[in-house]
Structures are given as C-alpha cells and as structure tokens.
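Next come two complexes, and both contain chain A; in the first it sits with chain B, in the second with chain C.
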Partner chain A sequence: MNKTATKTESGEIRLVNVSKKFGPSYAVQNINLTIPHGSYCCLLGPSGCGKTTILRMIAGHETPSSGEIFIGDQMVVGKSPVERGTAMMFQSYALFPHLTILDNVAFYLKMRGVGRDERRQRAEEMLRRVQLHHLKDRMPAQLSGGQQQRVALARSLITNPRVLLLDEPLSALDEFLRLKMRGELKSLQHELGITFVHVTHTQPEAIALADMVVVMDTGRIDQADSAKEIFNSPRTPYVARFMGGQNVLTGTVSQISDKVVYIGHAGGGTFEATRTDMPAEQGKPISIAVRRDRIRLRRGSGASGVNQISGVVEATEYQGSFVKVTIDVGGDVFVANVSDADYFAEPVDRGDAVTAQWAAADVHLLSKLDTGAAGDPYANATH
Partner chain B sequence: MSSSPSYGPRPWTFYVLAALFTLFVIFLYGPMIGVLILSFQGPSASLVFPLRDPSLMWFDELFNPRRTGDVVGAFYRSLPLAGIVMLLTVLVSVTAGFAFRRRFWGSTAIFYTAIASLIVPGLVLSIGILVTFRYLGQSASWYTSGLGAHLSWSLPFGLLIMFAVLGRLNPSYEEAAYDLGATKWQTVKEVVVPIVFPGMIAVALFGFTLSYDEFPRSWLTVGSKNTLPLEIWTMTTNVTSPALYALGTVTTVVSFIVIAIALSSIILIQRKRSS
Partner chain C sequence: MASLPTADTQSSNKTSLLMTYLQVTPLTVVLTFFFLIPVALVVAVSFFRYQMLVGLVPDFVLTNYIDLIKNPTTWTLYLSTLKFTLIVLVITFVLGFWIAYFLVFHVRNLLVAIGLFLICTVPFWTSNIIRMISWRPVLGKEGLINSALLKAGAIDQPIEWLLYSDFSVVVAYVHLFTLFMIVPIFNSMARIDKSLLEAAVDAGASRWGVVWNVVLPLSKTGIALGALFVVTLVMGDFFVVTVMSGGLSGSATSGIFNDLQFLNYPRAAANAVILLIIVLLIAAAIFRVVDVRKELVR
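Presenting the complex of A and B:
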C-alpha cells in the first residue's frame, strides 16, 4: 500500500526551477522557493501573478512544465494529493452539494474504504473540533459562508495532511467574518504545527497571518521574507508599492561612501540613505522607499537640507488613528500618514504648501529602478 | 394636487401581453380538453359536441378492438422504443457532454455535425433512411431503422441539455474529490453523477417524449407495424368514432405521467439538498 502521510513527516516544501506554461505563455517561470516545515506562508500578489498556479502545482492539481517540487524529502511531481500528504481548501470550498455535512467530512474515509461506523465517528469528532457537530445532518447550501468554510477545513484536515493549501480562503466572507476566520486559521495552524500555504491578494491578510510572505509579480517571485521584512524593507519598487505604506522616490546617486548614499532628486533636494547590499553606483539613477508613517510635516515650501521634499496638499483623509495626507510634489504623489495628535496640533488642508521630512534611518534603497508601472492596488487604500 | 402617492398604472403593454398569453393558453389546452371530454361520448358515436350519455365504451373499444386498428400493439411498440431511446440518449449525451468539456481536435466540427440533424426535415430523413435500408437489403423495423431515426432527433437535444448542465458544474468538485483520494471512477460515481442527476432526468424526459410522439421520422422507418402516433394518424383517416378521442386521452395521460414522475423526482432531489 502507499505510504500515508503522518504529522511526523516533514512538511517542508521546496520548489526547484519550477515553470508552468499555459500554451505559449508562462504562468510562472523559474520559481525557486523553500517554505519551512510548520510555517504559515502567504503567496501574495495581484490576480494573474501566478500565485494560484504555484499552489495548485504543490497540491497536485497542476503539473509543472519543468522543474521539481519536494515535500519533505519526497519528490512529488506526478504524485496524487494523498500521496503528497497535502490537502487543499478551494476558494469556493467545493463542498459536495448532494452530501450532508457529515458525509462531506467523511468523504476521504469513504474513498479509503473505511467502514461506515468508524468513518462516521471520526467525521463527527472532526466536526466537534470545528464546533459544527450540531449541523452534521444539514446540507451545504443551508450553511452560512463561515460555516461552509469550517466544513471545508474539517474535510481537508481529516486527511491528516502535513501541508494544508488554502486558495483565497477568506475572499468569500464579509469583513467581520474575514477577520474572525483569519484569527482562527492562525491559531489552527499554531495548534496543528503543519505547513499552511495561503494564497491571497490582500496584503493586510498576508501580514497578519504569515511567518513568510512571498510577493509575486507576473510569474516571478519579487521577495520572499518575513512579514516584517517585507513591510519594512521592501527590496523592489514593486513590493514597496504593492505592500503599500511606502513612498517610492527616484533620484541619481550623487555621493557614495561605505556607510551612506546621497541621492540627488530631480526636484532639487538631496536624500540620504544608509548603504546596504543593494547596488548603488555614483552617477546612476536609484530608487528608494520611505515609510509613510515615518514622515513629519511642516507648513511652508522651503525644503532645505537632506531628506525633505516640498509640495502642495492634494487631499487629506481622516483614518481614525492617523490622517493620510496626499501631497503633490512636482507632479508625483507623496503620502504622509500623520498621527491624529500631530495632525490636529497643526492641521493642513487642500492647497496648503507643506514640506515633508524624514530620518535617514527610514530610507531604504531598492534593488531595481522604479518604473511606476508596477500595479499598486492599494494606492488609494488606507495603509 | 393629489396628496396620495402614485405607484403608477400598469403599462398598456401588460394588458396586450396578458391577452396574448390567455389566447395561447386557450389554444394549447382548449382542444386538449375538448378531446378529453369527447372521449367519454355515449353510444351516439357523435364526433362533435354536445356530449350525450357519457360512457367509457370508447376506451373499451380501444383495448378490445372491433373496428379500430391495433392500438394496443402500437402502444407496446411505442413504449419500449421510447424507453430504449431514453436510455441511449442519456448514455450518449452524458458521456459526450463530458468529452466536450475538454476542447479536442475537431470538437467544433463534431458538434455541428451532431446538431445539424435538428434542422434536417424529419420526413426527408425518413425517406432517406428507408431508401438506404432497402439499398442495403435490410427491412425497416421500429427497433432498427426506427430507433436510429428517433436517436437522430433526441441526441442533439440531449447533448445541448448536457452542455448546459455540465457548463454549470464547477470543476473544483472533481478536484476536491481527487484531493480527497477518490479515483476517477469514484469521482464519477460519488460526485459527478449525483450532482448532474437532475440534468440527466431532464435528458431522459426529452428522450422519452421526443420518441413517444415522433411522427415524421417514424413515418417510413418503423416498417409494417405502426407506432402509436402513426396508428393515431391512420385512425383519423379510416376510423370515425370517438375511440380516436379515447386514444388521444390515453396517450396524453401516459405522457403526463412520465413528465410527472420525472419532475417530481427532480423536485425531490432539490428539496433534499436545500430544505
């Protein structure tokens, strides 16, 4: 008989040079990624970036065009989901509409030829675990979205997987339930200690859940790091823009030393940044990221000294704990998230001339030049 | 100025369309009810209203023929024929429907070839089949040439229904079954067939009724022994008694019973799923 996956087996996932072509075009190209055992990993990116394709290749619902996928020490390309020890939760949950909740959860056991009494008992146990035992005789259509999701979870977990794959699991829920289930997923993962791979296009979701965030752009991985690293120190303009919370500025390296890089901005100002392993070369253009919530604003247009930029307030948006101030700096958009206390001490309004300034420590050099083209779905969001 | 709210009168089109629909209903059911009533005509044997001395004598005449044709024999040919057409239509439509879920080389051509038989005139097809059978030295009968002629009519309908049904079948159900360790066969048996079962009943219903009351494609293809629609047609030319109406009533009732069985089983399944 084939080996059944148990929790003791490693749920480390390794993708080596994985590519997937649909017709002539690549959905993903040359992906190399290692997801540690027992971690909560979020694949994050806009629709069409290839994140779902990666998930489906790990699940065994899509075969890579080339490359290898390992789970634990087992090469799994060509193997069935059960042999892989993976279980997938579908975006639509895909609960079988003709079966009761109990029979849905017991489906895996039935397929394995487990006797009726035993599989009912084990399915009931699993339903108790997700607190849905009282609904065991209902049909899926009679359940709310949140309940359906828990049934889908129970149905996946009864396979005792070492990897749980979740395809946009929260996208069908309303805001309130989404936050609630988000918390439940996180604690479930903690409790089970297995690897979770979760596909999402919502960055707050990824940051809140993940030990490891993989930011994707059109078939490639832009950055795979901890949530804190991704949010604080994006490596590319794309990641900075996609994660939101950052201003991306481009200038020319005017002076460079072991520790500091000076950048001349087209608007006349000079920015100072700590030198990192990012490529920086005298006289070459370079992009930097500055966190929106590390900006101080003062009235007046006289930008003097380093790390300052002047412009005209275009819009202010009250967000509760902070105020989002959008500033037009010579045609470009610059955003400062000012704490409500600071803002109301010295309010600015549309049309006011302001100067923004920040500390050199809050500037991050980016590895690529900003093209401005990278999609920023959160440009107008609150983050 | 009136102070009461105005919710607007119904537009004049409402009354026009309502009148049209009423006409349609009268036109559809009026004659059927007329035939139903006249099938209880008394011994006067009058073919027109009024109904005098209602009796069941013409039903008796139907099953113990003295002057009518072989109605019972025709019924026992039509019923199994419709049954076989129904089974084959379900089998072929469902499997073909699944084949067409994936695009394959020549799929469009095959689809249009299959659908084209909907627009071929039935009488012409009937003649063509007879001529071909003669040429091949075969004699026509209801279970060979007749069956083929009926399938040429029911299969395209069945296929189109299955396209609609399978078009709404979310592929994630099959993927979920695979994910949970089901084999291909288990997936079909435990997941796909139960989900598309109402659609299969619809196909069965179409297959049965299309065959049961098919005239043009039966005309020359069923051989020397008539099916029911042909028998009725023959009777209109040489039987001038209310037995004709009694036959109309019986065949209509059989059709309604089949439809009722099919629809109630669909409703039962739906209710089981959503109540």
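Presenting the complex of A and C:
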C-alpha cells in the first residue's frame, strides 16, 4: 500500500561531517552524529545554536552545504521527505487553514493518489487514535493549541514514517498540557518503535524524554550521551552550566596521583576529584563540576578541609522539596540545593556566612576550561 | 477599574455612542455627496425624456431603456466589452499569480523583492496618452516587432493585426492592469505561513501539488480582489479600447460617450445604470465565490 517506508526499514540516522552555511556564516559545522534506530533523541541548546537547522536537514527542508546524511543505509541528501521516510511536526503545527481536520490528516493520502473513500476512512482511523475523531469536520482555527498539535501529530504519522522529527513540539503549550503531551510523546515513541528526533531548548524536557541527549553550542555538538550521563557527568563547562544542577569551579592542578587529582582554588581551598580520562596536567588550570544537590552547608566561614568553599548567602529560594541557596563566594556564584528537611533543621538566611562541603566522588573533571559563557539558564528564569 | 452599572457608566455609554457617530460622520458625508447623490441623479435622469434641440425634459419614461435594449449596437458593445473583460481577466490572473508567487516565495531578499515590485509599477510612471502612443513604434506596421520579424525572414509582409485590433487592445489592457492583480495576490500570499509549504512537501506534495492545494486556495481573497479591480477597470474603459483599436472596437462606455456628445443625457444615464447593474452583478458573483470580508478580517 505504502511504497516507501513501511517494511520497518532502519530509522538510524547518521550525519557525517555535515556543515550548513547561511551566507558567509556557519549555522552548523562538521557535525558527526549517529542516532540509533528506534531511539528518542533530543537536540538541546539555546536558540540560534543550530539544532533546528540539523532537524531541517534531516527532514530535507534544508540542504547541507557539505557532508552526508544517511537514514538507514540510504544517502538521503537531495531526496524528498517521502523518499526519506521522515515526517516533520512543525513548531507552528503548520495545519492547512483552509482544510478541515479530516482533510488535513488525509492530505498525504490525497497526494499519493489514494481514492477519496479510502483516504477518508484511513484519516478517520488516525484521528480516532489521537482521540480527535469528534472534531473531524472542524477547521484548524477552531481548535485549541493542544488539539491542533494532535492533528499535526496525526498528519505526520499517517505517512508511516521511520523517523519522526519534532521541532519544539511542546513550546506553545501551557505547563499542564506540556507535561501531559510529554508523557504521550514518550509512550507513542515506545509503541511505534520508530526514531524520534525532538528539538528543544528546555533541559527538563530533554532529560525526561530522551534516550539520547545532544547538547549543542553555537553550531557544534558539545556532548551526545544518555540523559543520565549528560546530567551527572557533563564533559564541558558549557554542558554543566546549560544543564543546570551543577556548580562549575576553576582551579589549578597541584598534584596528580593514580586515582585523585588535587586542585588548588584561588580562594585558598583544595579540591579533590576522582581521576578520569579527562586531560589533567600538573600546574595547568582546570575546571570541575559539582552537583548542586550533593552539597552540605554549615554555618560559619573558614573552609579548612578539602572540597569546601566559604561565602555569604546571597539568596534563598524555596522550591518545595528543596531550597536553593545561592552563595557569593568571592564574587562567583555557588548554588547549593539543600533538601527541605536539612534546610529547616538549620535555616540560613541572606547575609549569613556559610561553608559548603561535598564529597570527592561528586566532583567531575571537565575537558575544557570554564569561560562562563553559557551562564546559568536557571538563574535568569527561563519561563 | 471595577465598573458598576451606575449613572457614571451610562453617561460614558452615551459619550461612546456619540463618539461612534462622530467617527462615522466624515465618511458618511463624503459618500453621500460624492457617491449617493450623483448615482441617484443619474438614475433619475435615466427616466427623463430627451428632445432634440431642447435637451432634458423631466419626466418618467422607459423609452431610454427600451431604445437601448432594442438597439443591436448596445448588444454588440456590451458583448465586446465582456469579451475583453474575460480575456484580460484570464491573462492578468495567470501573469499576476505567477509574478506574485515568484516575488513572495522565490525572492528571498526583501530589497530585491521591493525593487522588482517597483518595476511592476513602471507603466504608471507616465501619462495614459503617452503610454498608448508608445505602443505604435512597437506594434505598428513598421514597428519593432514587424521589422524584426521581416529582417529575420519569418514573414514577408508586416503583420496587420498587431496594431489597431482586438489584439492590441488586449495587450494594452494587460500592460495596464496586471499590477492590479499582482498587488492583492501578493498581499494574500505574503500572509501564507511558509511552513505550510514545507508541510505540504513533507506530506509528499509535488511543486505543482503545493501550488494547487495550498497556495492557490490561500490566495483566493487576493485573486477575488484583483479580479474585481480588473473587471471594473475594463468595463469602465473607453479610452484604451478607442485608441488601441483605432476606433474599430468600442466598449459599453463608448456608447455612453457617444450619447453624451449628442447631449442625449437621458440615454447616457440609462446606459450608465445598465452598466452599473452588470458590474454589480459580476462583483456579487465574485463575492459569492470568495468571502472577501471574512478573509480580510483573518
């Protein structure tokens, strides 16, 4: 029935040395990425980092300036979306405003030359699947945002794709719908077993959904890993800062042993970190990341032992299950997420001198030196 | 800001009502004096009696209308006008649609698009008469086209029908009125979300499929407005048709013009009323197909 993409062909996506130039500037440069078949992949990054460009190149709406894109074992550059077996869900949903919901969903079948009765029947089936059958004769403008999104989803899925591409699918929804749709997308992907590539700039969304998170900085991939790896062991200061949940500290390597790297901090303290494959060289500066929720606070200044830092509380923010304590450590910002039980056992307030302390196991060496470029996405409220 | 139904809000209701009337007044006055009254006068005069040497005689007779309907010339003129309208409508639509399509979807640089748009307005940079006269060196017997064809050996005798023919009339109309198609269609197309085109491609539409299934239906308003412009302009023209056909063809308006020259105002008025009704019927038909008002609000 469907000539192109049905026989569960592999939906593995491979980008080889892909670059895209707009005018003189690169939107993305030398991208190498393999997204395994049947995985949920999130492309994560701030706006303008090139994540949408990558998505559109996979979809065939943008042609790479150089490099190759494979889907399955097929080189797809220059091929149409239908030949690729991809379907895209647009950020604006891009429903045809002059067609009814049913005709929107049936559009692909109409283009394939499927007869009127059959395509109506198949479109109705698809609408039942997304629980919108009762709205089939409405126009898109008469639907709510959430409903429009389901229609867009139905319209993408009726093409029977092996890769579904989602461009910021949840950004236009309110918080409640967003969480609901997020769960539905995840279970849909599980049920269909096809590759989902999802572009987002929201970290919790990526972590909650993805088997594979690709964190992007201006035109480059900084880290592509499982959500757990990305969150727990970011490889660069940029990823650590962008994912949030980490403090980034910079010091100079004072000593390296078999298992431990000792780092001297400008503030006077010494940090210990488990040695990993990250490059560390004696006498050279190095950045480390410490998880915010692994930090214990005690009153008083005077960091004496290792893995301690002292400062003055700048702000406290109650977050329900934890309290975010922002500490000014000699001009830099250090954040401790203290569990509510611990916090209320010994509350600290603005202006109090505190010392933060953590275990060596919670420290991760970073591969690059911190430039502070990405900043803290949570600090300047994303919503 | 809590507004309770007190005397206060009632008086503010009154002021807002007054404001509304004030806002509507200027347009009402202009339309009354420059549109309603003149039309009413024309309708009234169309029932007057015409007497040689005397001129207008106030009366209520239908002779003007009966004269016109019985006169075969009227029918010829109207048919010829409708024929021109139809031909010009089709040609300007095809040209206007593709030019607008090109400007909106293919010219990525806004500055270039504006530049090309300005080029479309070139025919309006000079007066009507000069515009008409300048067709002669192009289409005439010894004009550009004929001499080029003669030199190339494609023909041995100059083509006669290039100038002073239905052909030249249509050429002049198309030259003049294509812009009136381009502008409204361009306007509708510019409002089409580009991702709709990509969504259609994503769903397997060919280039032609995208135009037919997405661009064309979403440009309907512009096409309707453009058609309205072209219809009213061609139906109301007598200058272009007279000059470009060398007086061989006429239009409904030329009939009116002739009557005016003989000071037969009642018959000219009756003719004008008939023309008005026909144009209104065409406009109603266009609006029946496309709900322009709904689309304009969108």
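Just so we're on the same page, the second predicted complex is superposed on the first by the 373 of 383 C-alpha atoms of A that agree within 3 Å, B and C clash if a C-alpha of one lies under 4 Å from a C-alpha of the other, contacts with A are read in each partner's own complex, and residues count from 1 in each chain.
Quick note on the criterion: contacts are C-beta pairs under 8 Å (C-beta built on N, C-alpha and C of every residue); 3 or more make two chains touch, one makes a residue touch a chain.
Since we're looking at a predicted model, the values are computed, not measured.
Novice: Check chain A with both chain B and chain C modelled on it and let me know: fit or clash.
Specialist: Superposition check on chain A flags a clash between chain B and chain C.
Novice: In the overlay, answer first, second, both or neither for which of chain B and chain C A:139 touches.
Specialist: The answer is first: A:139 touches chain B but not chain C.
Novice: Between chain B and chain C, whom does A:52 touch in the aligned arrangement: first, second, both, or neither?
Specialist: neither
Novice: Is A:87 touching anything from chain B or chain C once the two structures are fitted on A? First, second, both or neither.
Specialist: both
Novice: Of the two partner chains, chain B (first) and chain C (second), which one does A:155 touch, if any: first, second, both, or neither?
Specialist: both
Novice: Contact-wise, after the overlay, does A:29 reach chain B, chain C, both or neither (first, second, both, neither)?
Specialist: After superposing on A, A:29 lies clear of both chain B and chain C.
Novice: Contact-wise, after the overlay, does A:200 reach chain B, chain C, both or neither (first, second, both, neither)?
Specialist: neither
Novice: With chain B in view, single out which of the stretches 8-16, 62-70 or 152-160 of chain C clashes with it after superposition.
Specialist: 62-70
Novice: Following superposition on chain A, which residues of chain A contact chain B and also contact chain C?
Specialist: Dual-contact residues (chain A): 59-61, 80-82, 86-88, 90-92, 94, 96-98, 107-108, 110-112, 155-156, 159.
Novice: In their complex, what parts of chain A are in touch with chain B?
Specialist: These residues of chain A touch chain B: 59-61, 80-82, 86-88, 90-92, 94, 96-99, 107-108, 110-112, 139, 141-142, 155-156, 159.
Novice: Looking at the complex, which residues from chain A come into contact with chain C?
Specialist: Listed in rising order, the residues are 59-61, 80-82, 86-88, 90-92, 94-98, 107-108, 110-112, 155-156, 159.
Novice: Show which residues of chain B lie in contact with chain A when the two form their complex.
Specialist: Answer in residue numbers: 170, 172-173, 175-183, 186, 190-191, 194-195, 197, 269, 272-275.
Novice: So in the complex, which bits of chain C are touching chain A?
Specialist: Those residues of chain C that touch chain A are 193, 195-196, 198-206, 209, 213-214, 217-218.
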